[in-house]
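One chain, chain A, appears in both complexes that follow, with chain B as partner in the first and chain C in the second.
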Partner chain A sequence: MSANKSRAELLAELEDWAKGLSNDILKLKEPILEIPSRTLSNTIWDEKNKILKLGSEKIHRKFLDVKEARRFMQTMLMLRLIVEAMRADVFPTIRDLYYNGKHTINFNFLGRKYRENTWDEQSESNAVIEDIEVATNILREEMGVSADVKGKIVGPIIVRSQGYELDASKFGETALSLPVNVDALEIVKVEANYVLVVEKDAIFQRLVREKFWSQEGAILITAKGMPDRATRRFVRRLNEEHKLPVYVLTDGDPYGWYIYSVYKSGSIKLSYESERLATPNAKFLGLTATDIDSYKISDNYVIAANDRDVKRAQELLRYPWFQKPEWTREINLFLKKKKKVEIEALSTHGLKFLHDYLRDKIRGSKFID
Partner chain B sequence: MSANKSRAELLAELEDWAKGLSNDILKLKEPILEIPSRTLSNTIWDEKNKILKLGSEKIHRKFLDVKEARRFMQTMLMLRLIVEAMRADVFPTIRDLYYNGKHTINFNFLGRKYRENTWDEQSESNAVIEDIEVATNILREEMGVSADVKGKIVGPIIVRSQGYELDASKFGETALSLPVNVDALEIVKVEANYVLVVEKDAIFQRLVREKFWSQEGAILITAKGMPDRATRRFVRRLNEEHKLPVYVLTDGDPYGWYIYSVYKSGSIKLSYESERLATPNAKFLGLTATDIDSYKISDNYVIAANDRDVKRAQELLRYPWFQKPEWTREINLFLKKKKKVEIEALSTHGLKFLHDYLRDKIRGSKFID
Partner chain C sequence: MTITYAYEALPVAEWFRRNREIAGFQNSARAMYQTVRELVENSLDATEPYGILPNILISIKPVDESKSWYSIYVEDNGIGIPGGEIPNVFGRVFYSSKYKIKQHRGVFGLGLKMVVLYAQSTTNKPIAVRSATIRSDKIYEYKIMIDTTKNEPIIIDRREYNNKYRWHGTAVKVIIEGNWLNSKKRIEDYLRRTAIISPYAEIFFKGPDMELILKRRTTKMPHPPEEGLPHPKSVDVDTVKQMILENPKSTLMEFLMNNFDGIGEGLAKSFLEWAGLDPNKVVGGLTQEEVTYLAEKLKAYEGWRRPRADWLSPAGAELLEVGARSILGAEAVFAVTRKPSSYSGHPFIVEAAIAWGGQIPPVDKPILLRYANKIPLLYDEGADVARKVVDEFNWQNYKVKLPAPLAVLIHVCSTKVPYASAGKEAIAEISEIEEEMRLALRDAARKLRIYLSRKEREMELLNKYISLAKYVDEISLSLNIITGIDKDKLSSNLNKLIEQKLGVTIDDLVKHVASLPAEGQNVGQ
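Moving on, here comes the complex of A and B:
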């Protein structure tokens, strides 16, 4: 973890890594990259810490191996692009890096001419960025790589970015958009009772305008559906550094439940990041399959599940991080009734019922851990 | 236009509209709703003002017409829900309103029993909200209806929301998320040279982190692709109230060009809103089809257009608001070469070339009006 290192220190670490490799070459030793393996088989469920993470398998990428020379070249090319960007104080996007490094290499071998592209697809250049992240333990955010940012927040919290203090309790009907690199965001002061993560942006807007957060002393966060890295990291920091309970509110369907699990346990694709991104003690507020009965949501407001929902629910049942009696009961109830329900269906009991529901769940500890 | 009316005044207007109808009923007069027609045939291109807008056709929705009674009922139901929400100071989403009004009406007619849903799909309840907007000239944002908000800004501008001043030049690497109702956002002070609207969020993040906006004295705005109503309205206000030039930067493909035209001229679906949302003198900075040659973007960074791109370009050629020599030339060049190019392809000339490109286009007035 390198949360508190300066940009200059991080740059020096990347340069040192490269120097080690070039020293090997100068000593006529074969350069080898040792990189934790990011395959599905090396993704494990850490029962004790309740997160998805990478196992101990490592790959040794050898320059003098014809199967690996291309990927070795790509890794060195990407490292050069990133180091150059950091030196020049620019903040390329992952797509910039793809374009910036894309070119054709012409070479002769045994009398024949060859042409080879450095990479053809962005999936190749992205994979190399991830390799560099796991190999160096420095995140692309810390390297200054830009990406889409989805998260926004309001509530009793003051943060500082590049010397500017921002008090998220004084935003009126606007909100604070998170930066790409939330580790560079200093949390100056927090006076909140809990963090409420809301799947849907429009529900976030409602709760802002209806002053729910100030009545509750809650920090409200949304990432509009599946969360990005910055939002997950920020939720984690609020929980870890400030011991705030984290509650997640999503639609009552397998997609919503999966979103919750990404906040809580991490995702398969980014399992090497869970140790920084996941919030293992995040609680699920709802909506659950049981809520349909317990909150008397009329049939009129309930939606029939489609085949994709059913398939997704069956997948959830297979994930080790859903192996809890509360979750298997909910998912099996869903599979039996084949009914899903949206947050907005709570307005069947009037437009203010959402507030009552949230308070009832939190005060009564009616959440799933 | 009702930008400066209080919530109480707007509520009174809606109540008065409803009272007029109930008075008709009490006088045994048939209640009739007069609503501007939102059909494609009533959407016209206003050449003088350079916007898409509604024509003068009106529909007269009669309660005692068996074909229109259902829609009449829906309109009254929605009006009741909105008025109740305003009185209770809640801010439902359009989906809340759909659920909140959805129920089954049981009735007997000529000895037979009937069951009818108030509405079956959200498209029905949404259409009724739009009817109420055009009939009353009050926007759903002003009625307190919540929706997803995509826009975020940074730059030399101070706004005020519910008494809180927010200086968007002091956000560091974060940004200010726009509220649902940007007309309630007071623009306190603007010291900008221009507004730069950026299609892509990651490019917005780059320009924030690279301090492009402070070097240029520019307000940066993104809405991540197709803009929402709030972002379009805010861009319009900056241009109209503060006379700021507005430049739009998108990918060089028909989708990006259409996004520009939505900022500039409005959209077909929301043509009744163009007079508030469109910015007729917004300029298109790029990327254009010509840019591929004039900025020497190598073939390696250019993407072959697919059938959908071609179809979309042919559609653009038919829209009256693309009937300008500059645009027909660009679109025809695109159709001839069948090549598109992304903003990020500019990094072919180095990661700082994006800045040079933007300055060259703005300083040299190399934009399309």
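Moving on, here comes the complex of A and C:
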């Protein structure tokens, strides 16, 4: 982490990396990118801090390796785009960078024409941004590169953005969208009892409409599925800076459970960011496999797990951060019954039952840590 | 082979009627093709064996379209024919006293007379001949017809000119009834295939609606065949009789030693002893039965030396490669000339060439170009043993997966080419020849396999090069923008790094790859 460095210093670090590579080329030495590997095998579970961390394994991306050359080119292209943006003092999104860099490489050799796009999918350009982050140890937020933020909040909290105070309790049926750089958001006032992170936007909207948050004095947050970095960072800030308990509500299946673990411990792909983004104190409310029985969810709302769900559950079992008795019990139960439930299944007892369920879980501390 | 037979008794008109089909004059289209062929082959025989690089000019023009009359003109730069000989060469059938053997294009040396007779029988026009021998002061010009009852030349016109520019060669013009449309493709094929096996020849052809220029691709020529005596196993009764007529006073001993190849005193003695013949008997005094007996014993005796191949003139692998590459537009050609072999006392040599890629289209059955004594064989392919050998060949063993862009050339040269039929367009299934064809093809295919493997490796190298080099510009530009270091310097060093990695310079790669086809070929694994 490169905390407290100025933008100019960070820019110089990125430039130095490119200079090192260029000098190798001038000395006819093969340029090699040393990049910490972002794989499961290089993801370390920090038992003490309860977060995922990046290990010391590194990959060596060689320009002269036919299998790596394309990715090497993409990395250099992206580095250039980021450097250019920093020099111009602009703040592109990862989607902007994708479009800025996407063009066709024309290569003619012996009368034959080869055409290839620098990248085709945004996933390709996103991946090299992450490579650059881990290789240089500079986060993209520090480079001024943001992602499309999906997060929104509602609740008794007032923030200041570019001088304007925004009261998240005064958005009616809508919600306050989180900005790209949540660290620039000043939290002016919080009068909440807890934070409820909701996996799904549809459930989030229902809870807003039904004024669940005002009845509970809760801040509701959703990131519409797999959380982006800004949303995770904001949840972390609420917990860290304002000591608010954080509860997570997801679907009762391995994908929902993994989303919870991303909020709590970090993700495999972005384990290098966990120290900033993870909220180790987050608690899982549900839905659990046990809930199907304990809340007598009707069979009409229960879905048979498919092969992919089963495979994913088996993977979770192997992740060290899921290896605690509560979780192994839940996952094994899931694997035994091969049944999953969505949050909506709680409507089995009427639309308002979701409120009762949440209160029951929170008041009764029926959550998994 | 130019061994003359005692045909003189037969009136020429009758002989022509009987042999018209065999000689390839059965219809006007075939006759037109055959006429071109006979004249071109005479031109080649008048140049190549004497170390002259052939220049052959062929022109076909319609004379009277309503009657389908065409004039065919062929001119060469050969040794020419002495003025006094011209009438006999063109106007007397079986004019030849030689019975020596060597490899010849012309079949029986009769083709020329067939042309004259065919012209006479269809248009009743004389053949026009202009010729000068090397260093001759004069050029002779004749118009000749054949008196078919007396087998004598009729000289219609005779002129002499001063040979101011020391021209030498022969030019012949005949007017025949022909069929250009139906013979056009065969004539074109014939000339192209001739150019393949004789790439040292320069051939200009002008037809009624087309032009074909086959340029000389090399100035290297094959060694001319030597003229030699026949092997005792190779002669038949008629030939023995003819030879006796020429040397009636020799003793049997002398006859054998003077008229056959490889027979010395010792070998002659042992043979005569084995055959129970008196060495001192004068051959002119032999009875009909005794001559027949002698001929039979000559064939049956196992003690003879192997026939010599000195009278053969194979094209040679190098010429085949040059010819096939240029005329077929092949990417690569692999040719072999086998060692001489023999069947029934006749020496022969098989040559094979495999042409690959380039302008050759992928085919299920390899294209086959057949040759006998450097003559392209265009008809009766199905009856030819070469077709059988090629079809039975196991191409998979040589990295070739059919369909493939493949053409095979097989050349048999021999003092006596065994034809499958009277048409002399297909080689018969002689086991010795078939085996040599198989071995020749195998030898050439081995070279092809080596080439294809090398190409596979080069393709791999090329693909590797491209998959790295295509990014050089983008990377250099990016690093240049970030660091300000010269982009061209970065590019050039990145390219050097690629060269180091692949162990080949870009220049070399370009050289290797230049011969590769634009698209990946159907090369088996």
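Please note the rule applied: the second predicted complex is superposed on the first by the 249 of 369 C-alpha atoms of A that agree within 3 Å, B and C clash if a C-alpha of one lies under 4 Å from a C-alpha of the other, contacts with A are read in each partner's own complex, and residues count from 1 in each chain.
The rule we apply is simple: a residue touches a chain if its C-beta (ideal position, glycine included) is under 8 Å from a C-beta of that chain, and two chains touch if they have at least 3 such contacts.
Keep in mind the model is a prediction, meaning the values are calculated, not measured.
Chemist: On the A-aligned overlay, A:L185 touches which partner chain: chain B = first, chain C = second, or both, or neither?
Modeler: Once the two structures are laid over each other on A, A:L185 reaches chain B alone.
Chemist: What's your read, chain B or chain C touching more residues of chain A?
Modeler: Comparing touch counts on chain A for chain B and chain C gives B.
Chemist: Just to be sure I read the superposition right, which of the two partners does A:S347 touch: chain B = first, chain C = second, or both, or neither?
Modeler: The first partner, chain B, only.
Chemist: Applying the document's definition of touch, where does A:T290 land relative to chain B and chain C: first, second, both, or neither?
Modeler: Neither: A:T290 stays clear of chain B and chain C.
Chemist: With both complexes overlaid on chain A, does A:G144 touch chain B (first), chain C (second), both or neither?
Modeler: first
Chemist: Which of the two partners, first being chain B and second being chain C, lies in contact with A:S22: first, second, both, or neither?
Modeler: In the superposition, A:S22 contacts chain C only.
Chemist: Tell me which partner A:N42 touches in the superposition: chain B (first), chain C (second), both or neither.
Modeler: After superposition on chain A, A:N42 lies in contact with neither partner.
Chemist: For A:R70, select first, second, both or neither according to whether it touches chain B, chain C, the two together, or no partner.
Modeler: So A:R70 only meets chain C here.
Chemist: Regarding the shared-chain residue A:A202, is it in contact with chain B (first), chain C (second), both, or neither?
Modeler: In the superposed model, A:A202 contacts chain B only, not chain C.
Chemist: For chain A, which residues lie in the overlap of the chain B contacts and the chain C contacts?
Modeler: 84
Chemist: In the complex, go through chain B and note every residue touching chain A.
Modeler: So the residues of chain B touching chain A come out as 84-85, 88-96, 98-100, 102-104, 117, 144, 146-149, 152, 159-164, 166, 170-181, 184-185, 200-203, 205-206, 208-210, 224, 300-301, 342, 344-345, 347-348, 350-352.
Chemist: What residues on chain C touch chain A, complex-wise?
Modeler: 464-471, 473-475, 477-479, 481-483, 485, 489-490, 493-494, 496-498, 500-501, 510, 513-514, 518
Chemist: Would you mind writing out the residues of chain A in touch with chain C in their complex?
Modeler: Residues 14-15, 18-19, 21-22, 25-26, 28, 30, 63-64, 66, 69-70, 72-73, 76-77, 79-80, 83-84, 105, 107, 109-112, 114, 116, 118.
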